[in-house]
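Shown next, in structure tokens, is the structure this report addresses.
Naming follows writing order (A, B and C), and every chain is counted from residue 1.
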């Protein structure tokens, strides 16, 4: 597509990168068809092609973001279904990232929006604060209907709805493997929101890896991967998180023998795999960040390298929900299903698997209406496969879908741990 | 009607039409006149006949395209195609038997009456095969529409508009159409003794199979009786035709027969007998005998055909023959045409249209041969007619005596 | 070098009344159905033919036929032009607006209203995507046949507007052959229904006239389409040839032998490389031209037809023959082909031509295409529906280089003239739109065009529907 940027504009490397991305788009419109917001709202402005055009117009004219542009950019889930669909290879992710930073830098949001975003950025990435907030939410839940009536406060109501009914129990840790039998050594991202919402996931991961002779390093000082604030356009905060993790992991890596950095929340995985790009202009970190990104793997990618044995078929139907960050962000589609099938489960693909469940980081809090519509559609498609259990690889999806169905939903790795000798996931007992 | 013009070229045709334009003469456009009873009575001063425009202009078997002048007899076209193992995909109906006419059908007449036979169900109507044409409009201008390639979306599709316009929009001088390879062989699966509803279910089930059925018809017992010599059984016949390579037809016949065995035992008839049967269905052989009985041609949704006939029989006596999976109903009335009852019933069962194919002179004057249309569509059609034939030279009244009536009524309503 | 294509000058009276028109339309379309903020109009300034751009006055996004009727009635009474839009995937600028026009987008009317398997029809709203019909009826063993490459995104309303084709119309026909009925709104707001679940129409074939009329006659809001039983099996087979000439000759001989596969698609070397890079479908990279020939039916039928085709291909020195071995592989082969245009965006900007030529002229036109493009210093990739002679040369250029963009447009015009001279037409399935409007005279005489325009007047006497498209601006009859 034709663009018109001045040489002066192009001297900004961020603009130069966006220009390159824009040039690839041929405006064919294929992306509209798989975009959850276009499918829901039916407006070009809420499609990837429409947003690309809005961004192009804003950047070309060096314009601060305005209410209209922000409205439509905010509605983007960053699910990246468009990127999977796009035949021209438009790097939509980095374009919308750039736009979000531009918005954060040039646009003053209404007060309620500012407060809620600040609250999210100050709480979610910090496990202690998040645990306290969840405890508070359990008390405040009766207020949700009241909050929902005031439009600017709807996100607070959404938060209360999403908060789990009961505090998660902390499971016990597994015993590390005998060093003589060790097949590999990995860092397992502890994460921020996930261990608070569902500590069982990493516990299952540790048990499973340990059982197969994988040693797990737990470097001290690691924090949030930065994805949550990154998607809000808070670039500096996101880069600070990234640098901190890179420092922590590099110390462990330099000490020797790390094969991979494993992530069990695919939303985090997509971001960590992008550290190399996020920090490409930082001379101190560019190289280290690229190394970390190269080592980052989704848990299912690593498990596939262990060649787990095929188990006899068991009588359990699993609806596999493909998290957007896995299928579109990291292009991991068949692998988790293959692992589940190898472990003896019957795996079914819900219709419209490419569509987001509406979770999308903080999207279900900030855009509660669209999110709820997408959740209904997703749950309907999942339930149509008549599963005994739903499996997914991202904590956001697990929370989102769990809030709208009675069918138990677990992380893929929890089913694998159970199949290969671990305990039955608690959620399957009720 | 005294004068009869038979131009030998497009230029001559233009002269006749310009003369008509100057003198205010209305022309009844005809070809071989084998469908002369089709449509409403025409109030014309002279006949404009296409049979002087004769001969195949261009035929490229390798490209499956033929161009012919409109007055070319159909048998000449078919002979040329046959020599190259090709055919007209839509299986044109020969109306002579049912309408009691003589003469030779022309290729122009086929397209201008959109005369599509049993294969219309799978291969499209005559209008779907028509790629391009030349015609002289009511201003005496020679116009070219469409072209000679299968895919062509350049400009408005006047070709479709002219196809099936029964000579009321212009004098077509040349047609270009797509042809298809003649299938190596055919076979027909026959089920005996079904009532109309069961036959409809069986035909729908067959069409839902990946068997590429190219004809699906049902002949109730009363109508089948007159088909003696074709299948020789005194019972209802439900027929499903398969065409193609011998090996393929055999495989599909076996698997389709197996599927249909849930309904009844099936018999598969060979190519020669199959060809005879489908020719009889195409030309409505069962309803050729009693020329004094009114004949309707009705198009409705396939599953609505038998319901229409059942409902109609509450009020009138009629025999039926079903083609197109049950959606094309040939109705022979044992008495009055019952146009109002029939058309009300069609509207009540979900819509469609009825064309009066055969009736007494008095009945033809009283009844609109074509389905009367809603006011807005009739008005639109009248506007279109006025854009092609502003002076109403061509076959006035043949397609729509009701248009002006409808317009008057609409005008009175304001 | 060609001049830029002109749009009609905007109607000053409409522009001066902009605020009032927006206020009035806003009342007709509650619930966010009107887009009018300056920023928000920009993404509607073009479709998939990005060479031309014009901002609209406003964008109406109705939800019902009644709302469409209200908008058209209002625009008709106030002399406001209307540009209908489906998914905006037109390759000829069919949905490009103009400053005095309201874009009427059907994207919020995307429901499948009824599937009737016994009568093999589906009734859908115009904003439904082409592919979603096949996806809906697929589990029951049916499909909707016309399959334009943009079928993932393009809408049925747009398909009807352009009489869209696709790879498989060699056997199954184009939109007009698979359309049984429409509900449409005329420019004065009148709602009419043409056809239905039955075959053929009473009276004139208005349905046939409306199909392919590029939004000039009315706005279709609902359609009844024919659905067909899926074949037992289908298998795309790749035939690699040393040159385009041999591949083209092979196509003509296959059809000439009376063999009609479901699809015969052609790709030249440039196109093969582009598509393989995106889809990784296993296209042979060492050949100069590739045919994808799909056969369908039972195993025995496919074998028989393939044997005949292979024998013909051998006579033309075929280098490789590879059958798809699985459903996944078959899907990849088609994904690569159907993404060809978009995938070309990876290496350059392009304009896509759509002329159709008689099969015997394929090789000649391919050669002329190459000569015209190289003569102007441009690269060209060819990927098209060979079985019906519908060519799609993709002329590659740099959109940020105005001189090269003008050359590309000139090359396109030259190629289309060659198609018409060879006995073909300007456009096989994409439509005339704005792109080929001024070339119409190469195919039609003034009398031919006058007759078409006169018929158009019967529908829209004020010439308000998509007014800058299809017919050359000069020589239009007075209202």
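What we mean here is this: a residue touches a chain if its C-beta (ideal position, glycine included) is under 8 Å from a C-beta of that chain, and two chains touch if they have at least 3 such contacts.
Being a predicted model, the structure only gives us computed values, none of them experimental.
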Graph class of chain-chain contacts, one of line, ring, star, complete, other: line
Identifier of the chain whose CA centre is least distant from the whole-structure CA centre: C
Euclidean distance of C-alpha centroids - chain A vs chain B, Å: 61
Chain centre separation in whole Å, for chain C relative to chain A (CA means): 37
Intercentroid distance (Cα basis), chain C paired with chain B, Å: 30
Partner chain C, residues of chain A touching it in the complex: 1-4, 23-34, 38, 41-45, 49-50, 53-54, 57, 66, 68-69, 72, 85-90
Residues of chain B touching chain C in the complex: 60-65, 85-86, 114, 116, 120-121, 124-125, 127-128, 137, 141-145, 147-161, 163-165, 169, 180-182, 204, 207-212, 244-245, 247-248, 251-252, 255, 299-304, 324, 327-328, 350-353, 355, 370-371, 373-374, 376-378, 380-381, 383-388, 399-400
Chain C to chain A touching residues, read off their complex: 32, 35, 37, 39-40, 42-44, 46-48, 50, 59, 61, 87-89, 105, 107-110, 127, 129, 131, 150, 152-154, 278, 339-346, 349-350, 399-400, 405
Complex contact set, residues of chain C against chain B: 116-121, 141-142, 162-163, 165, 169, 173-174, 176-177, 186, 190, 192-194, 196-209, 211-213, 216, 229-232, 252-253, 255-256, 258-260, 297-298, 300-301, 304-305, 356-360, 385, 388-390, 423-432, 436, 440, 443-445, 447-452, 454-459, 470-471
